Amino acid sequence: MGKLFRFGVSLEKTLLDKFDKLIRSRNYTNRSEALRDLIRQELIKKEWREGKEIAGAITLIYDHHKRELVNKLTDIQHDFHDLIISTQHIHLDHDNCLEIIAVKGKSSEAQKLSDILKAIKGVKHTALSMSTTGKEV
Amino acid sequence: MGKLFRFGVSLEKTLLDKFDKLIRSRNYTNRSEALRDLIRQELIKKEWREGKEIAGAITLIYDHHKRELVNKLTDIQHDFHDLIISTQHIHLDHDNCLEIIAVKGKSSEAQKLSDILKAIKGVKHTALSMSTTGKEV
Amino acid sequence: MGKLFRFGVSLEKTLLDKFDKLIRSRNYTNRSEALRDLIRQELIKKEWREGKEIAGAITLIYDHHKRELVNKLTDIQHDFHDLIISTQHIHLDHDNCLEIIAVKGKSSEAQKLSDILKAIKGVKHTALSMSTTGKEV
Amino acid sequence: MGKLFRFGVSLEKTLLDKFDKLIRSRNYTNRSEALRDLIRQELIKKEWREGKEIAGAITLIYDHHKRELVNKLTDIQHDFHDLIISTQHIHLDHDNCLEIIAVKGKSSEAQKLSDILKAIKGVKHTALSMSTTGKEV
């Protein structure tokens, strides 16, 4: 966390009222905290678009009964061991697994791994959660 | 436009530097103007989610050679004449039309019209542009 | 429109039932038409990401009372006259205008114009509607 | 996994060529597998919108040095113990933590937890990954 810096912002009264209502409904403690979040959101979108170092999570849903699927998933994850930090596995029910892969590295690599996993037979869904290493925001 | 109201915001120095770089790259004249846009974006997302009165545009791409397509599109648009303000038509090439329908009304109605148009044979793509009446922001 | 080509698809019964329910609720005439739309959606996302020639619409909301705003908007649009096909203007109320700019060209140029317009003082919101020239889909 | 059901689909030749190119670039083994994924994506979006039972992940980035932050995060997570399955924690660097919370329950509850966590001082970013329990797809 860096040193705090203070500056003035001017808003139309009607816009400010709307904003205050929004941040109350989301339980923000003050306007600065809410504005910080809006700014960070925008910066993180930019980090991903520009191929910066990012952190994130790939969420997989699959049926572990599919032949050879678990082996395939493990092999592929090892090919990306530089990108992958760790993996969390949840047995959703008798058939379905939820696997969450924490990643840190280039946004293009994370996207590539997500695409490869998605195309595997038996993988029902992948979602790529785009977050940040926190260093720059 | 309402009266301007001024208040202080505090940001970590590193976050502020990043933000200043972002707003320079997007040609904003000052921080207030950039923050206003971030706030409005968030409020407009909320207007749509909560079913408020919105304004927007539905963009259609279609092949006008498809039998009965133009008649069907016209009929449906008349069913939504309360929602539709006006329509702009562009002949993209020999086959393809770009039609942009300006709408004002409930967000659910705009979504419904967009879904109906999308399902019509010959309509290749619809995109729903979610904007605002400007009254509340 | 090209010649039709037919091929077989196999789906799990449960997935097919869900899909049939979805397409009925959206009024599709048959499965092929719904699948075509899903495929086109995916291809058009790719066109935009890869910087292909696209068509689309930029939706602006602004307060025309802001000093010099209308002149500025006109000047900028002339700088992008190769990209812009035509413009549709709607007087939403006494203060607010809805302007919809139909564009055709490179996706990066459309994004750039949208960003420039958004940063102008008095422009309350811009939305970029990502569609297609229809040639490739 | 249910029984497989086979049906015919017809596509314009140009659209099919584009689609085949897309699925090759994403390493799908065949058209059916790619179409299944497009259908599932659409169904899962619907599950979230309609408030069905979903599974997913909430990704948090925060600075653990912020006073009381870790306690607050733990307290809140306990309030949502019915929704939360498990949590994975990664020390990104000296300051920043990546925490990934696996959730299963109503989409509105997952959204609510994500909003509450986001508003806490010291939490730099939250991302909500919208996936599925796999039961219906």
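Just so it is clear, A, B, C and D label the chains in written order, and each chain counts residues from 1 on its own.
What we mean here is this: contacts are C-beta pairs under 8 Å (C-beta built on N, C-alpha and C of every residue); 3 or more make two chains touch, one makes a residue touch a chain.
Note that the structure is a prediction, hence the values are computed from the model and not measured.
Taking shared numbers over all numbers used, the subunit A to subunit D interface scores over half, which places it in the same class. Looking at A-B alongside B-C, one finds more C-beta pairs in contact between the chains of B-C.
We define each chain's centre as the mean of its Cα atoms; on that basis subunit A and subunit B are separated by 26 Å. Chain geometry summary: the mean Cα position of subunit B and that of subunit C are 9 Å apart. For subunit C, the set of residues touching two or more other chains reads 1, 40, 137. Under the stated contact rule, the graph of chain-to-chain touches is a ring, a single cycle where every chain has exactly two partners.
Chain pairs that touch one another, listed by label: A-B, A-D, B-C, C-D. Within the complex, the subunit B residues that touch subunit C are 1, 23, 26-29, 33-34, 37, 40-41, 44, 55-57, 59, 61-63, 65-66, 85-86, 88, 90, 92-93, 95-96, 98, 100, 102, 104, 115-116, 118-119, 121, 124-125, 127-135, 137.
Those residues of subunit D that touch subunit C in the complex are listed here as 1-16, 18-19, 22, 31-32, 35-36, 38-40, 42-43, 46, 136-137.
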